[in-house]
Structure formats: structure tokens, C-alpha cells
Amino acid sequence: HLPLALIAGPCQMESRAHALEMAAALKEICGKLGIGLVYKSSFDKANRTSAGGARGIGLAGALPVFAEIRETLGLPVLTDVHEPGQCAPVAEVVDVLQIPAFLCRQTDLLLAAAATGRVVNVKKGQFLAPWDMKNVLAKVTGAGNPKVMATERGVSFGYNTLVSDMRALPIMAAMGAPVVFDATHSVQQPGGQGTSSGGQREFVAVLARAAVAIGVAGLFIETHPDPDNAPSDGPNMVPLKAFPALIEELMAFDKLAKARLRA
Amino acid sequence: HLPLALIAGPCQMESRAHALEMAAALKEICGKLGIGLVYKSSFDKANRTSAGGARGIGLAGALPVFAEIRETLGLPVLTDVHEPGQCAPVAEVVDVLQIPAFLCRQTDLLLAAAATGRVVNVKKGQFLAPWDMKNVLAKVTGAGNPKVMATERGVSFGYNTLVSDMRALPIMAAMGAPVVFDATHSVQQPGGQGTSSGGQREFVAVLARAAVAIGVAGLFIETHPDPDNAPSDGPNMVPLKAFPALIEELMAFDKLAKARLRA
Amino acid sequence: HLPLALIAGPCQMESRAHALEMAAALKEICGKLGIGLVYKSSFDKANRTSAGGARGIGLAGALPVFAEIRETLGLPVLTDVHEPGQCAPVAEVVDVLQIPAFLCRQTDLLLAAAATGRVVNVKKGQFLAPWDMKNVLAKVTGAGNPKVMATERGVSFGYNTLVSDMRALPIMAAMGAPVVFDATHSVQQPGGQGTSSGGQREFVAVLARAAVAIGVAGLFIETHPDPDNAPSDGPNMVPLKAFPALIEELMAFDKLAKARLRA
Amino acid sequence: HLPLALIAGPCQMESRAHALEMAAALKEICGKLGIGLVYKSSFDKANRTSAGGARGIGLAGALPVFAEIRETLGLPVLTDVHEPGQCAPVAEVVDVLQIPAFLCRQTDLLLAAAATGRVVNVKKGQFLAPWDMKNVLAKVTGAGNPKVMATERGVSFGYNTLVSDMRALPIMAAMGAPVVFDATHSVQQPGGQGTSSGGQREFVAVLARAAVAIGVAGLFIETHPDPDNAPSDGPNMVPLKAFPALIEELMAFDKLAKARLRA
């Protein structure tokens, strides 16, 4: 049982400068804390609640910046892909291809991501039972790529609400894939603000703590220097200045959890 | 309030011969009953529960068959699209482009479908509140295509289960788009058979009757001469031989419902 | 398949005068329409959202009024019971003892109600699957009383929300008991107004129409001359002046549905 | 922030000998571990799935045994009450009166329990939002009894399934009442075995760990020397021989959680 790793970064890539600044800040925080970091950012928010939502700087704009982050900071990078054709070019500059939750059953996208040979992180759909991730993961491994991860990010519970069923963590771990808990999207309130999604930032630490105590390979946490003015997912991102204390606390629970599991 | 229309056909296009036979049979049934028909079939089942599920004959194989059905039988045709790039070629031979439920928030797909000028039928995601379809429909109309329809096909209710919230029908109708009730996918049990989805065919008539009594523009019903041996959605498709009596019954309820609405 | 019957009245008994007036008004309406009526009213709202909610005039105050309604108007009467000890005295003056949804699994209450020999109407709990009503009904029939009815009034769907799963109607009908659809509590929003429950009166007609089209033995509809000023359940009760047109419409659907079932 | 306390015991009182033996065994285990214990057992299972389920030895049989456990072992005792009339006699021999989840909105039961002056532990209904417990707790405190506790035991999620929404723990804690997590009923599958409820014992430790890491005042865990042959709740009770290791582990997480909260 390896120690907890982090997938963290701002929801979307806002600019080259913003990305490099965020990546450097997170690298410094995680270095001090002694926790592994994968830098996360989206080049395109392809499924915004409404057409007017900001979508990001796009594939062409983002790829050189991802490459720069990897080279200059030595950080592994994760981003999400939305169409099969994006997988190959994205895989040239990132380490982990992420499949968005709504798209977790799109066979061609999973196969194209698998074919890159990169790690594939599949977010469990809000409409999917934990045991049904077995078929999803098998689409990737069956294509010859064993490097697949599963991420829990909440399941539909009535309207405009997600609930985190913590039983999903051991159920997916039993499939053999590293399991990640996405603590910021799990507190999303889909469509909850009319033309954008709401969120309950105050529960990020609560749910993350629960997940880490149960035992996960990694945490996915979106963070931003000024979430309330971020172009997307502001209501659920963690302010950067609160990030170090949150991670330090979660590392303490992880240490205890992994010690118990080893015993 | 126009009389009820039907979107019907087998879940996937199995072969040219099968498609032409089904289309002719449905045309004859609907002609006798006096109900409008749009022929439906998928060229690709892009999100099967598991990678081993049959996917259909593919875009290249299906397009000439759709064209042939339109020309020889004079039937309007509907099929679903899964990537933006499919929209333009598909639009050349079909009348209605359908957006699958899992993809109902993929902005690029909606915009590409809108740009064809064809009617766009969006299935409401299993994770979406009825009022959130307003933003979805606005992505299409905002792109300059007013010809958009909304289809109810069930909402996530716990694991491996959908429930039909009938309040969704008037809520979506108030948005101004024609509302369709998908009576066969609404009785699906997603992932309910381990490596494929289950279904409860016995409730198709029950839910369809409820929807028609409330008042809908159309019904979406998948039908097959031998559902138990169909390559997909067998557990929820209606056997073709039971189809005429079912539709006749639903037309009686539609007539009453529309008479009341007119009054 | 008998024609539709009605269980109707104000949520709680407010006073002798109010009860007699309502019963007389409903008798006249139903007489004109030619539909059977059971007069419903609660003597105690035993599970209000908060302690400050009005509870009604109580057992001792209500029993003579129920007796008077039966004698002077010749109407059968229904009321709900909350403790085993209430069943025998209530059964002396009412025709149907109703078991509230939260209490549908309280064995002693079901047995005490069964022991009176009166008809027992059990509301399905918001937490209960339709198939689990079999065990509930068997508690009554197993105690020697075959006169048991099952009422659908919505199932928990996330927080503060109910959904009407219309599949419950045929599932419960297959158990052999007359099935009633409670159209006013099904649109309740439990706890949805902070210290009281909200409701969506605009969906009463929608859901009732769906239920009647599917086929039910009866409808349960609370009505009030001035719902917005009623002491309980105001947001979901039907205004008395809208009642005749609503029932007339539902009778038309019932006639069609029962004709189809007979065929 | 006081250290974690335990409410533990077999689901139902099976006999005087069994109760004394269990209480002594639990007292010894908890004494060695250094954790506070409240002995729990039900005298009546008043809402079994079916009428044939064993209900326990009853009020008259149980009260002397509760008294004997308190006197000879010095353990505080908790049991659940189902009707207002049971509260006063039960309060003479137990320390905590528990309100079952289905009954959490029955005003008279809450008031009668409050009037005894004993601690009242209210289980949150499977149909209730966490924020709606405010009104429930206020029924007890408004009656002049400030000694009220709130217990989370899962919320309805589709049919025959509960989910533990861990956000409920801090939401209820903010109301000022000690919050308990019921780890064995939270893994129940209501009605899931046809004529009795199923359970997923393997998730007791998982959910308990999550709750303790978040921070709770107490845990409620049913345990039995031979759960598979217990008269009720067997599928979700923890075997007594697994109990000490489970509690020791949870105490380690509690210690860490409370240290962080104090900091």
C-alpha cells in the first residue's frame, strides 16, 4: 500500500502564466509535505451546464503549456479527453489521460485512450453502480493497457445532488485498479445554480477525510488562488491558501489507514 | 396539439435486409392505424455496458440503408450521433439527429448537430433534472436551429434502476419543445445483467399509457420481431407482433388527452 | 374492474362545522358526477414537520363528527390511526382505518387495525419498495381481515423530494388488493419549507391522470375551500372550486382505461 | 471533544441469560480498550419486515433484565420505544430512550420520551434530510429536555438500498446534539431478502472508519456471538469475536480525528 498521491490543480487552464504559477506553487507545497503530485488542468470544459460558460484555452493552446510544465517543473500531468481523436496528440505531452464521468461508457474514447499506452484515469459516471466499473475498466485493460485507475466523484441522488457512497471505494479497489477519490466534484451540485453547477466547498475536507481513512491510492482536489472568481467549478474548489493544511491533515489519516492495512 | 407521433424501430441496424423489412412492416402498421412514423435505428451502439457487446453495422454501412428507406418507403428517419464529426454526413440521409442521454451536455456535439439544420432530438441524461434541460435545449436553439425536441427516458434511482418522473413531461413541454417519452429505455435496468443491461418489458405499456394520458408529442418505442435474440436492448424492446395493439391503445388515450387539452 | 372511487376531504378536521360543510359539498359534487366517495379527514396530524404545526381537533372531538357525517349524509368515512389503542374506538364510527406511510411497518398497529374488521388502507412508506408491500398487506390478511387496500403516495428521491414510480401501481395490484393513488401527498416536498412540508399542487392533475390511465381502484385527493390558509398540507391540496372539473376529467380517463382492461 | 463512546449489544434481547452474558462480555472488552459503553438491546422488534419475524421477549420480560444489567454490571442501558405509553416504565430502568428511525417524526412519542428526563437518542429517518433533524430535535428540547442525541443510519437510495451520506454528520453536529453513527443498520438492505432485511456486514468497518475520521461522539454497533443464527439483523451484525479488533482500530482513528479538531 503506497502512500497517498495527489492529483491537483485548477479546474481549467486559464492561461500559460496562470498554469505555470499554479504548478510551481503546488510543486512547492507538495515537496514540503512529501506527497506525490500529478498536475491537473482541463484544456476544454466540454460539457458546461450552459453554452455561455467559459470553456478554456483549447487543445492547441494547452498542449505546449503541459509540455512546459513537465519539462521545467518535472511534474507529471493529467488532463481529460472528450473525443477519440484527442487521445493521441494529448498523450504526447501528458502522463495521464482522464475520461470524464459522463463519457465513462463511450467505448471508442476508452479504446483510443488505452491505445496511447498512457495511464488512463476513468471517472465513474454519476449514473453508474460501483460494480459496473468492472466492465468499464475491462474496456481499457482488454485493449492491452493495464494502467487504468478508477475515480469516485459521487452518484446521482435525486435532482441537482450527488452523494458519495463510500462503499464504492473498496468495491472498486477489489477490481485491482488504484482508486482515487475526487473530493471537489463529489461536493458539486449539478446544475444547482440555474445556468451553472453549485458546490459545497465546506464538505471537501469532510469527504476527503472519510475516503482517506477507508484507504485510497489518491485524492483528486481542484484548487485555485481565488475560487470565487474562477471561470468554472468555483463553488467547489479549495482556496490555494487552505490547501497545505488540508493535505497535511489528510496525510496523517492516510498514514494511520495504511499502517492498519499493512498490519 | 397535434396527434401523437411515433419514433419506432429496432435498437440497432442489424443488416440492410433486416432494416428494410422492419421499416416496411412498421410503415404498414402505422399506415393502417393512421399514426405518423419516424423510423429509428442506431448504426453504432457506442456505449455498450461491456466491450464485447455487438455495436452494429457502423456509419458507412448504415447511411446508404437509411437513404434507401427514405427513398423507397418515404419514411423520415432518425438515428443517434456520438461525435461532432458524424453530424454532417449523417444529416445528409436522416431527418432527425438524436443526442444520446449520456452525451446530452456535450456542447460540441449539440452545436454540430444544430449546425446541420436537421431536427435535433436530445435525450435527457439519467443524471439531469428536468428543469436543467432548458440549458441543453438552449445550446441548440442558441446556435440558430429552433428544431429541437426533448425526450424523457428515465432518471437514476439508486443503482441499476431508473424511475420515470412524469412531472418531467409538463416541465419540459413548458420550454416550448415537442416532448417525447421513450417507453422502452425508461424500463431499462442499466448494467442490471452483469455485462449488459436488463429491462422490464412488462412496464412499457404501463409507462407509455401514463405519458400519453398526461400529453406528449410523441412516443419512442423500440420494437423487434424477436427481442430475446436481438443483439442489444432485447429485455426492453416490444415484440413486433404486440406492437399494433399497443399503439392502438395508446392512440385512444392520446385522443382523449388532446381533446381535454383543446377544451 | 369497478369504476374509479374517490377518497377525498380536507387534510385535517378543523371544526364540526367545517367538516359537515365539506362533506356535504363533496357529496353533492360526487353525486352529480356519479362517482363513489369516501370522506377523509384526520383527527390528529401526529407527525408534523415541527412541534409548532397545528395537529387537529383530536380523537375525542372528531369521533362524534365522523358519526354525524355517516348518519346525516350517509357517507362512508376514512381516517388515519397512529397507535394500536386508537383502532377500536375509531372503528366504531369510521368505515376505513388508514395506516400512515411512516407507520406502515408497525406490526401492532396493523394487527390492531385488522382486528376491528374494518377496511384497512395502508399507505406505502416513502422508504419501501412496491414489492415489499406484500409483507405489509400479509400482516393484515394474516390476522384474518381480507379487507385491505394499498395506497401509493410517492417514494424518497434524494432529499425533500418524492417521486411517483408508476410501476408500483400494477405491482401492488398483482397482490390482489385494491390500489389507490394518493395524488396530493405524492406532490409533497417533505420538510421543503423549513418547518413544514412544501408541495407542487400543479402536478396533482398530471400524476392523477397518469395513475388513472394505468388503472387504479381509487384516487385519494385532499381538497379545501382555501388551501393557502389551511392548517396543514396547504401547498398540495386542490382548491374545492377546481375539484369538479378535475374529477370529471379523471373519470373520462378511468372509463377508457377500464374499457381497455375489460376488452 | 470527548473520546468516542460505544452503543453496542445484540439487536434483540433473546433471554435473560443471553443478555447478561453479552453485557458482561462487552463490558470486559470495552474496559480493556478504555472506551465508554452503553449496552443496547431491543425488547420488541416492532416493525419486522413480515409478521412471522421474531419480535423479542417483550417489555415486561425485558425491564427486570435491564435493571439487573445496570445494577450488577454498572452499565448504562439503551433501548428503543415504540409507543408513548412505553416511555415512562422503560425510563425507570434504562438510561437512554431511543426513537426508531421510522418513528422519528411521531410527535407524541418524542414528547413522551422527552418528559421522562432521560437521554433521548433519535435515529434519523431513512426518508429525512439531515437538516430536517433540526425540527425533530427541537420537539425534544422544546419539551424541556436538552439531553437529545442524533443518530445517522442511512438514507433511502432507490429500492432496498440505503446510502450513508457522510455530510449528515457535520450537519447534525452543528445543531449542538451529540452525533452517533449507526454502523450496522447503515449497511442494512431493507426488505432485501424477501421476508426479511439483508445486510452487508463487510462494510461496517468501512463506514465506521469514515464516520470516526470525520468525527462523531459515538458509534452504534450491533454485535452477536453468532450473527448468522440471530433472530434479527443477522446479516449486518458484527461477530463478537471480531468486535475488539474493530473497536481498537476505530479508537485509533478517533484519537487522530479529535486531536486534529482540538488543534
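So that you can tell them apart, the chains are marked A, B, C and D in the order they are listed, and the count of residues begins at 1 in each.
By our rule, a residue touches a chain if its C-beta (ideal position, glycine included) is under 8 Å from a C-beta of that chain, and two chains touch if they have at least 3 such contacts.
Computed from a predicted structure; not experimentally measured.
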Chain D reached from chain A - shortest hop count over touching chains: 1
Interface residue overlap between copies chain C and chain D, same or different (over half shared): same
Furthest chain, CA centroid comparison against chain D: B
Separation of chain B from chain D, taking each centre as the mean of its C-alpha atoms, in whole Å: 48
Distance from the mean Cα position of chain B to that of chain A, given in whole angstrom: 33
Junction residues of chain B - those touching two or more other chains: 157, 159
Residue ranges of chain D in contact with chain C within the complex: 46-51, 55, 82-85, 102-103, 105-108, 110-111, 125-132, 135, 138-139, 142-143, 155-156, 159-160, 190-191, 195
Residue numbers on chain A that touch chain C, as the complex places them: 157-159, 161
Chain D residues touching chain A - in the complex, by the definition given at the top: 157, 163-167, 169-170, 200, 203, 206-207, 209-214, 249, 252-253, 256-257, 260
